[in-house]
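Scroll down for the structure; my scribbles are underneath it.
As written, the chain order gives the labels A, B and C, with residue 1 at the start of each chain.
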Amino acid sequence: MTFSVNRRHFMAGGAALLSMSALGSRAFAEDARLRLLWWGSQPRADRTNKVSELYKAKNSGTSITGEFLGWGDYWPRLATQVAGRNAPDVIQMDYRYIVEYARRGALAPLESYMPGKLSLGDFDPAQIEGGSVDGHFYGVSLGANSASTVLNTTAFEEAGIPLPTRTTTWDELGKIGAEISKAGKRKGFFGFADGSGNEPLFENYLRQRGKALYTADSKIAFGADDAAEWLDMWSKFREAGACVPPDVQALYKDTIDTAPLTLGKAAVDYAHSNQFVGFQAVVKDKLTLTNYPLIKADSKGGHYRKPSMFFSVSAQSKALDQAVDYVNFFVTNPDAAVALDVERGIPESKAMRDVVAAKLDATGKIPLEYVAGLGDLAGKLPPPPPSGAGEGQTVLRTAAEQVGFGQLTPADGGKQIVDEITRLLARG
Amino acid sequence: MSNAMHTTAPDTVRRGGSVVAEGRFKRLWAANSAGYLFLLPWLIGFLGLTLGPALVSLYLSFTDFDMIRSPEWVGAANYVRITTADPKFAAAMKVTLTYVVLSVPFKLIFALLVAMALNKGVRGLTVYRAVFYLPSLLGGSVAIAVLWRQLFARDGLVNAALSQIGIEGPSWISHPSYSIYTLVALSVWQFGSPMIIFLAGLRQIPTDMYEAASLDGASKFRQFYKITLPLLTPVIFFNAVVQTIDAFKAFTPAFIISGGTGGPINSTLFYTLYLYQEAFGNFRMGYASALAWILVLIIAVFTAFSFLSSRYWVHYDD
Amino acid sequence: MTNGITAPVSAPPSDITKRSRPASIVVHTLLILASLLMLYPLLWMVSASVRPENEIFSSTSLIPSSIDFSSYVRGWGGLDITFGRFFWNSLVISVLTVIGNVVACSLAAYAFARLRFAGRNFWFAIMLGTLMIPYHVTLIPQYVLFLNLGWVNTILPLVVPKFLASDAFFIFLMVQFFRGIPRELDEAAMMDGCSAWRIYWKIMLPLSLPVLATAAIFSFIWTWDDFFGPLIYLNDMNTYTIQLGLRTFVDSTSASDWGGLFAMSTLTLVPVFLFFLFFQRLLIDGIATTGMKR
């Protein structure tokens, strides 16, 4: 029997050797090499690579490797790379995740680089705030956007109904929606998409009432009755046929191509303003943007200008200074601004905005004018969301679906939302 | 089974005790070496590349691990939470079990029927076989999600066909009560893999057995029952076990069709999708590891049971 | 059955053919209907690849309003890296995988099916156990392991495990098939003085062409369609495989190129299909009789 055991020991030992072989034999020469990771599709990649070329021209000896993926694949790849201590130097970040990564120490704080190496002087101060977590600055905003309502102007014209305006209230929208559905100009067509499970929309509603989603110290900032009233409002819309039925809304998977407006089921939908170009590309009809409906005609402060996405620098990066320099170039260089256009959002730097505004086409101008024209519809930026906020989004959507499909009453739905969010915030 | 290059006469009596050991050693080597030599690649792979990560993942299941900071030991807390306080776990189990129980039998039945139909040597066999395998080629492509929606949404083609016979269908794919069935349909539609395996198995049955049986006057049905089925049992067993394991582990269909949400209302929340959400969406890798090992346990129990029961109905030629 | 016998004896055969013709018509009809069901998605995809982009989601008919092949052109050359490169990368990985799987798994399967050795049942159970582990969970530890080996950003993590028989599915499959081959053949060979290796090489493998062809086909297709492995291990876009390349067409948050996606998806079916057609001949020509005419 000794032989077999020896053999097994040998194998085990060999395997262990193999696994432990290079606990530190990684020696990447990264003095002038930057790795960049972002999400987006080819158009964005083209623009980003152009900026990298411009940067390389000015900083010879730097090599920049750009990697990109679609949104859905991006996060597992990033998580794995961070977990494996193999993170890229410059990371594109999203509002929802920046908190998670920053709080866990995966991102490098950047405030020490300002104002010298990071000249964000003419940025909207709220956007600097937007990229800060717990007092440190982690994300340079690549563009501003705001939540918005997308309108299918062609469908409205067909039905002979005037478009919603800046001051349209929810009640009025309900009536408009019901009329569009009744006009029956298109098969299976309704007034607006069912936004009961849409977190930005709900947040806007809360803000108009003086509430919010979360407080600065990571607690829930609304009550069960707020949520119940919200769900109840939507139940009434459903009954009146003003919005799409729940099974059509359930097709929506947070992507442009599954939105009721894109699928030709609704004349009104909800999106971030920088997604406008994407929507117009897949919809034959003419679209435009307006703000979310108001609770009362004189309501203010529901919206906020938020960074559409950030560039952050990995805390594990071996080329911190270089990475910061690249990011600075990205957002403050006029040639870069022209290459990037408004594809990631409206440039934060006023100087860049001016450069870009002159070169936009009609479709590109719409989001720019929308965000610029928000005025007092926009209020203060909310505090960074607590850990677990992403799950909160799911809680809202699930409860909204349950109410939609008749499994819960609005009152119970409201209670469920608050209970579950409180529980998941406590879980930490 | 010795490596019989030469006869090993019992030569242990030559020199006292040590030779006894030596002879035994030689015989053990002779008896086992062939097996282990053939198994070597797999053993290296398993010990080097699988065992380590599997053990690490087992360790992680007892920790709180967000992938960025170091794991923090929490004992059995994850397991306790899963089994007592996690409604999503219960939902995921229910959805997955439904999927397994429905998709596997139907898939296997279709696969076997079509394989048998094709095995007869119908004209255009190659074309049919390729066509039936086509859905499996489309696998997890993004196109499937769009396509399935075109088929099963309220105004989709399935309802268009149903309305011809007067039935007005709901939106199958986005209604919490029916969405799981569209996933079952997707799985059954991709029956190409087990079909090919059945075909290969049918091909291995000697045709002279059928000839002999025909000569004896046996009907086609009797031939199927007495020849085909018993000789096919190893392959049936294989397909049943593997398809069931795959169904338990299924991820891609739910991921692409529900857009990673498992919705509406968790009605398409496959177990591994839930695992994926916890790991990559909520930064709870430790919890996800615990979920994974519970799945392994469930599958292991099922597989062990299958193997034990296989003694009674699977017919090997050796 | 002899020749030259009169009507009563020849009646049963014609009776049989009469009975089987309606049956075969039914079978054929069913097969054709089923085939249409199988083909529909492909037709839809091809249609989507040639129609205007803003029609893809709103129209349910198969007939495009206009035909335009620009999606193919755009999809092929539109990325910085032409799709041809992705095809090549996928091809390399898939072919290596096929070789690795067929060789390594058949070796292991032979050991499990035919050889007796201490601990065989134990290792067999372990092998099956590896089938049960969902890959998302060993993902991070394996990633760290490969990172320490310096294999990340190469195709090694995707290919080397195949040469080490990591796909237990194929081992199990081959075991079942090997066990179906009569042992008398082995025993006869052994009495002639053949070693285990010769039996494997000269008897087992030739008789197992159907299952080896099956394994080759599945290996190829699954590797071709796999995206998660490449997603994690291939950072450099020059090394992306087809599936990874396809997914860069679609980003849910910005403008996607759906036409390009469907065009390239249609194209990527071609090599897989060819591979399948080529190897499936072995499934037909494979041993219908296992030499058992004794």
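Just so we're on the same page, a contact is a pair of C-beta atoms (placed from the backbone, for glycine too) under 8 Å apart; a residue touches a chain by one contact, two chains touch by 3 or more.
Predicted, not measured: the structure shown is a model, and the values here were computed from it.
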| item | value |
| --- | --- |
| Greatest separation from chain C - chain, by CA centre | A |
| Chain pair with the greatest number of C-beta contact pairs | B-C |
| Whole-Å separation of chain centres (CA-atom averages), chain B against chain C | 15 |
| Geometric centre distance via CA averages, chain B-chain A, whole Å | 37 |
| Separation of mean Cα positions, chain C and chain A [Å, integer] | 39 |
| Residues within chain B bordering two or more other chains | 28, 32, 36, 43-44, 48, 52, 67, 146, 155, 279, 285 |
| Per-residue multi-chain contacts in chain A, two or more chains | 1, 4, 18-19, 72, 76, 80, 83, 253-255, 257 |
| Residues of chain C touching at least two other chains | 56-57, 118, 140, 145, 227, 247, 250 |
| Touching residues (chain side chain B, partner chain C) in the complex | 1, 3-5, 28, 31-32, 34-36, 38-46, 48-50, 52-54, 56-57, 60, 67, 114, 117, 122, 125-126, 128-144, 146-147, 150, 155-157, 160, 189, 193, 196-197, 199-201, 203-204, 206-208, 231, 234-235, 237-238, 241-242, 245, 249, 251, 272, 275-276, 279, 285, 288-289, 292-293, 295-296, 299-300, 303, 316-318 |
| Sites on chain A touched by chain C in the complex | 1, 4, 18-23, 25-26, 35, 39-46, 49, 65-73, 76-77, 80-81, 83-86, 253-257, 262-264, 274-275, 277-278, 281-284, 343 |
| Touching residues on chain B, where the partner in the complex is chain A | 25, 28-29, 32, 36, 43-44, 47-48, 51-52, 66-69, 146, 149, 153-155, 170-171, 173-176, 258-261, 263-266, 279-283, 285 |
| Complex interface listing, chain C residues touching chain B | 24, 27-28, 30-31, 34-35, 37-39, 41-42, 44-45, 48, 56-57, 60, 104-105, 107-108, 110-112, 114-118, 120, 123, 126-134, 136-138, 140-142, 145, 160-161, 163-166, 169, 171-173, 176-177, 179-183, 190, 193, 195-197, 200, 210-211, 213-214, 217-218, 221, 225, 227, 243, 246-247, 250, 261-262, 265, 269, 272-273, 276-277, 280, 283-284, 286-290, 292-293 |
| Residue numbers on chain C that touch chain A, as the complex places them | 53-58, 78-80, 118-119, 139-140, 143-145, 147-150, 152, 227-228, 231-232, 235-237, 244, 247-258, 260 |
